[in-house]
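Going in written order, the chains are labelled A, B, C and D, and every chain counts its residues from 1.
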């Protein structure tokens, strides 16, 4: 079945009747940061009913909407880093409370920078890893309290012949991290999300998500350790553009026309006939094409640094308690 | 005015009534290479009438359609390089005959690799320059017969603060090349063109063309020396996708409906109202967004090498005569 | 103890008394290719005595000296690729005969591109992997006869926090390759080796070797599967330069002077006092510094392609039988 | 004549008898910053006598020695940026006072990032330009007071076939900057300088300086506009290592030996015979080889950002007066 994909839970929510009204099994919370007005949305999918409606697995999805993220503005980026650190810290704390992250002493976090370094809008993960400070190689026995961080850029299957899941499973087997943080470029539905939103989720990476379309999931079920995923939408699938255009056109036509015949025709078009139309209009290989802004390289350079700093703040510096 | 842009003359031709039928002031010739079946199309815009209809300046546009160009296949790429060399050589010879390239002794060719090296689909020019062998720095006085080649990657205005035209004018003033060859990634109308077509033209680069939207032209008029342009389409403007979708939908609706009102409404929509609709549907900054295939990095790696080899064959090796 | 390091067995051999004369436990064979005159040297360390004298483990070390390897010359590079393929094929065949490579049906080769992609003379491995065609992701059940190839750029410990050996062990555990081919930039003793020599060995990678100084070995013992290593010297340790200078100076002084006192002094300097002197002359952190030619980037671009083609020829194309 | 090269005026000074004592025609001033203890040295070559002795042209050379520059430490780097901005501002103010920078209204600064982007220790200039914010393309007529900044990465002659001086002359002709700031990786004499020192000079770039050995000078004389040069030593020429080794060894031998013959021999060796020895010991192409630390990529990443920020602070932000 034809599918208009978004990797953002907040966009699934928006597409509901009444634009994000109450849905069974899904809780929603929104707030803004005091100083810079970064908008945070927390979508929690509570049960199977919510998961079915949202088309996403149970778990927590935090979205940070930061309109000035594409600009170079050190103070603002610092604030986004701090907010990301705070949310990361909160998720890790909750995992500890629930016993999902069962440990005494230091946590070992393996940060995986997914995506293809040589395709600009897919290179968020490698970009973050390029700024990440790892310390697993420098840990001494005495520094038991601090988080241990290691990192990998696994590459993409066309370059390695291996699934990302295989590579991570191997590293987990060998180096025994307690937690994976997977960084990945995402596909959004709306172009205004591109480069202005960070999503943090405790559900890992789902099959078919990301710019590069991972075939296997990266989740606690598949990898054996919890997976936090940090993503930034950098592309909109070309099919989404086509879909939106048709919806908008049909809306325009319907409201502009009084004739009964037209109204009837348009009603019966929606939604199955719409999909039929889209399939006809889409050339075969078009499904994998994507739309991206021309300045995505600069945007990703800024955000990669901001995310790496968020990870540093969450795990390397001590007094995170006041952030909760 | 809203404009659906293509940098390919062959696509302008296709969009004419009757799909490329006779147009005053434009001549068309098509043929295939014997061994690999590369399709060549030569569009010559002969007079102002042709230029007006085509929306492109007077001159010759040669398109090589090579479906397997996106694959790694050394023999095939070699053939494309040879064909490109042959066409380059033919254009240069014609320029000499016409006196446009006025010289005795060696020609000095400055190859300019346009585009942003850090944005994958815009990086054709820098990619070709990365493979190009220059020799201007090694020429001795005695080797008077050979072509002199120099090269530059001018960068993009957001990085340099200078127009590409300014940079090239400066280099022309200082190093006195006889001919510029400008390499640039192009925007096409149709996604099936992406990475499978090479366009060679003696008209230079027009304002607003290329992936990165040059504001100034690079032509004999603006630079003072003749400019050959080699381009490969790597993106389709997002607006073109929207436009095509609307056209297709309107076509479908009109043919599916018998109601008079609908037919009347749709007829009056075309073409000005269509544009109005598209403008409404397009979010403001969307105009500069583009659609590109996910494997564009591999495609450009192959084609960059193929184009650089074509230039080497055209200018560095001696017996090109039999190629004409 | 101060050590002047070389990763090339052929250089260890040269440093013996009589410049490579007979040594117990080591066999030596030299020959040239018919057309291009590439010089091949095979050093086989046969027993513990040979290993002790050579300072390298038991096994076969094949050196290809190809003076024009630093130049762009497609025919010559093709020949080097073919020779490398032939030697790779020979080593694999011998492994099969000995039962070291115990398999029926297709071999799975994991190619590891060691080194730091962002340090030019250390980037041989990532460069080769950038050209390597993998096929593990595309294999169908029916194509049982062909070699399966996967590839990884593991990065360096300062970036990942993990030893290369750990990463490879994890991948071996998960993907079960039959054989590792490790590509690495090497340190030589003599600057004339830089970029002109390829070493192929069945002994894997030893601790402390390579430009980046791996701390752990990559061998059959440490990884559990056989390891072929392909290396190209790209640096000379700065300490080697100092050592050679002192040796040469002492030689010059001794031969120029008739005074007994000097001769006696110099004799007593060698070798322990020489080392003492070198240690005094070397500033502390100097040990890790290296000497490299200014055009190493171009050299590595050429050789990376040549090695990747050698691997393709050895494993992807069929009629390798005549090469044995 | 064999020459041990340093691009640092402060090292020339150190090599004088008495380790930097009084020299006619050269003034010396040293101080430290209050908070971080960055050591600043200002060498002013006042007349032809000073220029002859120093082997460098008349002008001001400011050296900032910042031992922790190779570390990632945002506060420290910020301080270095501010100090660099302060010194840049001071030099520009002095140029205005002297009338060397003759203007009313805004200054236009063209920043040139010299060096080869694909050779790690030569990539300082391209690295700084990668972080530089240009504004020439965004200036409106009304903003008359602010500095205008443009930037270029001219590449190296082996890639362009053009001298850097030619490229800059062309750009100067076309875009009329008032001042060039040239960024370049430098060669030092002492390895402890590598990555810990920034030199700022108003004398431009001299022939034969830099890692990549520019053949032409970039000075007010050659380009027609004043040239400030910012450099960081990233390599030591291999010949310098050899020279230092020999000097140290001869010193050791001489002090350890009482025999008359030896002393006489060594005395007569110095300095011409020493050079003779070095020439014999150096293999022919060795002259262009260089020594560089293994972590130079990380060092340059840090320093590139620090220098770009220094330029931003000097020219984009307003109240620089208190910095003097």
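FYI, contacts are C-beta pairs under 8 Å (C-beta built on N, C-alpha and C of every residue); 3 or more make two chains touch, one makes a residue touch a chain.
Computed from a prediction, not measured in an experiment: that's the story for all the values here.
Student: Touching both subunit A and subunit C: give me those chains, sorted by label.
Tutor: The common neighbours do not exist; no chain touches both.
Student: Starting from the mean Cα coordinates of subunit C and subunit D, work out the distance between those two points in Å.
Tutor: Measuring from centre to centre gives 37 Å for this pair.
Student: Subunit A to subunit D: how many Å between their CA centres?
Tutor: 45
Student: Can you list every residue of subunit A that touches 2 or more other chains, as numbers and ranges?
Tutor: Residues 158 of subunit A each touch two or more of the other chains.
Student: Provide the full list of chain pairs in touch.
Tutor: A-B, A-C, B-D, C-D
Student: What residues of subunit C sit close enough to touch subunit A in their complex?
Tutor: Against subunit A, the touching part of subunit C is residues 129, 134-138, 148-153, 155, 157-163, 166-167, 169-175.
Student: Which part of subunit B faces subunit A closely enough to touch in the complex?
Tutor: 116, 118-122, 158, 191-192, 211-213, 238, 241-242, 244-246, 248-250, 252-253, 256-259, 261-262, 265, 277, 280-281, 283, 285-286, 288-298
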